[in-house]
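In order of appearance the chains are A, B and C, and numbering begins at 1 in each one.
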Amino acid sequence: MKNIDKTIDTIMKAVMAAAMFSLVVGGTWQIFTRWILKDPSTFTEEFMRYMLIWASMIGSAYCFYKDKHLTLDLFKKKATGKKEKVLMVFIESMILFFVIYVFVYGGSKMAFNATNTSSVMQIPFKYLYMILPISGIFIVLARALKYYQAFLVSRKSKEEN
Amino acid sequence: ACGEKTDTPAGDQTFNLKLGHNLAEDHAVHLELSDFAEKVKEKTDGTVTVQIFPNGTLGSETDMISQIQNDALDMAKVSASTLGNFSAQYNAYSVPYVFDDQDHYYSVMDGEITQDIFSSTSGDGFIGLTWLDSGSRSFYTKDRAIRTPEDLKGLKIRTMDSQIAIDMMDALGGSATVMGYSDIYTGLQQGVIDGAENNVTALRDHGEVAKFYSFDEHSRIPDIVVLSAKVWDAMTEEQKSAIKEAAMEASDSYKTRWKNFEDEVLEKATNEFGVELVRDVDIKAFQDAVQPIYENLETESPEVFEVVQKIRDAVK
Amino acid sequence: MVIQATLILFGIFFVMLFSGVPISVGIGIASIITAFFSFDPSVFAITAAQRVFSGIDSFALLALPFFTLAGNIMNKGGIAQRLVRLARLVVGWIPGYLAATNVLANMFFGAISGSSVAATSAMGSIMSPLEREEGYDPNYSAAVNICSAPTGIIIPPSGPLILYSITAGGVSVAALFMAGYIPGLILGLSVLTVAIIMAAKKGYKKSTVKEVDSPLKVVIDAIPSLLAVIIVMAGILAGWFTPTEAGVVAVLYCGLLGFLYKELNLKNLYEILADTMISSATILFLIAASTIMSYVMSYSGIPAAISRMIMGASSNKYVLLLIMNLFLLVMGMFLDLTPAVLIFTPIFLPIIGSIGMSPVHFGIMLILNLGIGSVTPPVGSCLFVGCSVGKVSIEGVTRYIIPLFAAMVVALLLVTYIPALSLWIPYVFGLIPSF
C-alpha cells in the first residue's frame, strides 16, 4: 500500500508541476508576443483558461485523497467511538453525494449533450466538460483508497498488539 | 422548464417558459422581451407564459444554450456570434461586410435565408425564434481615428474570442488581442489595448476612455432569441403561430427601440464623454481588405460560405 | 419563500460546516438541497455541473495561482529572507522586535505577492524558529504572523481584489490596487502597535544580536527584491500587462532572482510548482462550489431580499455601513474569504449603489473585512496555515488573536468611514474621476 501511495504522490506531483509550468509558459508567451513580436497570441487566453480548469479539477481529486480541502474539524476531533463513526459516515456520504450528483451525473450528461466548440481553438466542449466526470470518478476512488489504507493500517496495528 | 407544463380542461398544454438574457433590467432588450412576454400571454389566452431572468443570472450565453439543450431552460437571447460555436451557419452573420447596409441586413434577417437557419438546428435541441437588431459594429479607439485600414496598423484591438473576429483583425492589419468584455475598460485606460470594436452602445461603458468612434460598420451581428426544440414540438399549431407572431412583432418594434437607444448613447458619448464621432471612413478600402476572408471561407468552411453567398446574392 | 430559502441554505451550510464536511462540499450540498425546492433534480445536476465549470472559466482567475506562485518562489528563493533582514533593520530597536519584524516583513512581502496564505506560510516558517530561540511564546508569535498576513491582500497586488473585481462586474483592478496602499499600511500599523504593546507587557527585549552585515549592505541586498514591487505595479499602471499577466511577470522576476541568489534550483522549483498548483486547486474547487451557491441564491432572489432588509433597517449611510461590516465580520468567522467574496458582493452592491459609495472603496472595505475573517476562529485560511507553520493550536493562538483582532477592526472602521484613505491615490493617478 505504501507503494501505491508513493506512486500516486509522484505522478500527481509531476502532473501538477507540469500544469503550473505550462500556465507560466502560456502567460509569458502572451506577453512576449504582444510586446516583442507585436503580434499578440490569440490562443493562449483560451489555452490557459482550460488548462487551469483541468488542472484544478485533477488537483482537487488529489486533495480529496490527501484531505487537503479546507475543513472545520473542531467537533470531528473531539468525537470518539460510535459518535466518531457516525460523523465519518455522514461526512463521506455528503462528499460522495455531492461528487456523484454534480460531477459524475450532471457533468457526464452535460458532456454527452454538448454540441458546441470553443471559440478560438475549436475544441469540442464534449471533451472540455469531460473533466467533470473524470475528476468525479477520481474523487470517489481517492476516498475509497484513503479508507482502504486506513483499514489496512488499523488491522496491522491490531495484529501487532 | 419542460417539467412545468400542465394540461388545461380544454386539453391544450400550458407552458411556463423561462427566458434568460445577460443584460440589465433597464436595457432595451429587457424592455422588449417584457413586452414580448405580455403579448405571448395575450395571444395564447394565457396558455403560454414567459418568465424572464435578466442580468446573466442563469449564466453566460454559452451556458444558457447548453441549458436549453439539457432541458434546464426554455428560451434565451444570445448573440449570433455565440451561436456560431453551436452551429457553424450562424458564423455567416459575423463575416465582415457580408451586409452592405442596414436595408440589406433587415431584408436578410426578415427573409427566408434566416428562417432556414433558424429551423436548421432543431436536431441540436434548439431553434431560432426571431432576431433583435444589434446595430453595426465599428472600431473605437483611444488615441487616433480610424479612417482607412492603414490607421489600424500597429494598434492592439480587443477582439471577441471568435476565429472570424480574429481573422478580420489580421486582414485589416490591427493586432487582435482577445480579452473579456469586462477587461476592456481597464485595458483601454491602462493602454494594454489601443481600441476595441462594438456597436455604439458600448460607449456607455467605455466612452470615458475611448476618444474616437469611427463608423466603418464592418459587421452587423444580430441577437437571436432561441427556443427549446422539444418545447416547440410539444406546442399546438395555435400556440406556435401566436408565439411566432409575437416574436416577429418584437423584432419589428425593436428596430425603433434600438435606434432610440443608440441615439441616446451617442448623445451622452459626445456631450458628456467628448467622444469624437468619425463618419468620413473609407468603407470601400475596408471591404477590399477583408476579401481574403471570403476566399478562406470558401475552402475552409463551405457551409458558412454557402450562406454567405446567399446573403451576398440577396443584395440585388 | 425567500426567507425560507435563505434559512434552508444557511442552516444546512452550518450543519455541514460543524460536522466537519469539507467547506466546499458543504456549500455545494446546501445549495443543491435548496435548489431541490424549485428545480427538477435531474435538471439541476446539469446546471450545477455547468456552474462548476463556468465558475472557474475566467482568465482573470489565473491571477490567483500566479500570485501564489510568486509568493512561494519568494519564500524559497531567498527574497523573503532579504525582506526579513531589511524589516529587522528598521524595527530592531523596538521591544519585541522579532514580532515587529514579522509584521513589517509581511507588509513588504505583500507588496510583491498577492496571497495572504503564501505570506503566512513564508513568514511563519522563517520567523517562528527565530522567535522560539529568543523565548517568545509560540502562540504569540503565530498570532502576530497570522494577523499581519492580511496586509498582503490589501497592499497590491492582490488575488482577492481581482476576485472582487470579477464578481462585481469589472471594477477597475488598477484602481482597486492603488486604493489598497494606504488601508494596507493602516492595517499593518494597527497590528504592529498592539503587537508591540503585548511584547512590552511580556518583557520581550529589543534586538541584541549584532547584524553581521552593515545596514547599508542589508538595504542594498533587499533592493532587487523591492524592485519587484515597482516592476509589477508600474507595469500594470503603464499598460505593459494586465493584472493576470503581472502575476506572470512577478513569477519570472522572482524566479530569476532566486536562481541568481542560488537558492532556487530545478529540484525545488519543481516542488514549488507542484505545491502551488495543488493549493490553488483547493481554492478553485471552493470557487466552483461557491458559484453553485451564488446561482441558487440569485435564482431564489436571496441577494435582493437581504439588501432590501438591510436597507429597510436604516436609511442612514453610516448605520448601513456599520450593519454591513458587522454582518461580514460574523460571516467571516465561518466562511473563508474566497466563497465570501463571491456570495456577498452581489448582496451588497445594490446597497452601496443606493448610498452612493464608490465600488472601489467598497472593494477595499470588503476585502479588509473578510481578511479579518481569515484570521478569526473557527474558520480562516490564514489562521489554519499560520497555526500549522507555527506548530501551535487554534485554541492556543486565539487568546493572542483577540487584541490583534480589535486593532484590525479599528483599521477597518477608519477605512470604512474615511473614503479618502482608499480613494485618494487612485484619484491622483487618474484612475477614478472623483471621490
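Methods note: a contact is a pair of C-beta atoms (placed from the backbone, for glycine too) under 8 Å apart; a residue touches a chain by one contact, two chains touch by 3 or more.
Composition by chain, UniProt nomenclature: A = TRAP transporter small permease; C = TRAP transporter large permease.
Treat the numbers as computed from the prediction; the structure is a model and nothing was measured.
Please name the chain that ends up farthest from subunit C once chain centres are defined by their CA atoms averaged.
B
Between A-B and A-C, which chain pair is linked by more C-beta pairs in contact?
A-C
How far is the middle of subunit B from the middle of subunit C, if each middle is the mean of its Cα atoms, in Å?
39
State, to the nearest whole Å, the distance from the C-alpha centre of subunit A to the C-alpha centre of subunit B.
Subunit A and subunit B have C-alpha centres separated by 37 Å.
Could you tell me the distance, in whole angstrom, between the mean C-alpha positions of subunit A and subunit C?
Roughly 24 Å, centre to centre.
Quick one: which residues in subunit B touch 2 or more of the other chains?
Those would be 62, 66, 70, 179.
Counting only residues that touch at least two other chains, what does the list for subunit A look like?
45, 109-110, 113
I need the residues of subunit C touching at least two other chains; which ones are they?
Residues 44, 46-47, 50, 58-59, 240-241.
Tell me, which parts of subunit A touch subunit B in their complex?
Answer in residue numbers: 34, 38-40, 42, 45-46, 109-110, 113-120, 122, 125.
Tell me, which parts of subunit B touch subunit C in their complex?
Residue positions touching the partner: 1, 3, 53, 57-60, 62-63, 66-67, 70-72, 179-183, 185-187, 189-192, 208.
Residues of subunit C touching subunit B in their complex?
39-40, 43-44, 46-47, 50-51, 54, 58-60, 166, 169-170, 172-174, 236-242, 295, 298-299, 431, 433
Can you tell me which positions in subunit B touch subunit A when the two form their complex?
Per the touch definition, subunit B meets subunit A at residues 62, 65-66, 69-70, 85-86, 124-125, 154, 156, 159-163, 166, 175-179.
In the complex, go through subunit C and note every residue touching subunit A.
Counting only subunit C, the residues touching subunit A are 16-26, 28-29, 32, 44-50, 52-53, 56-59, 61-62, 65-66, 69, 240-241, 244-245, 247-249, 251-252, 270-271, 273-274, 276-282, 284-286, 288, 292, 334, 336, 378-379, 381, 384.
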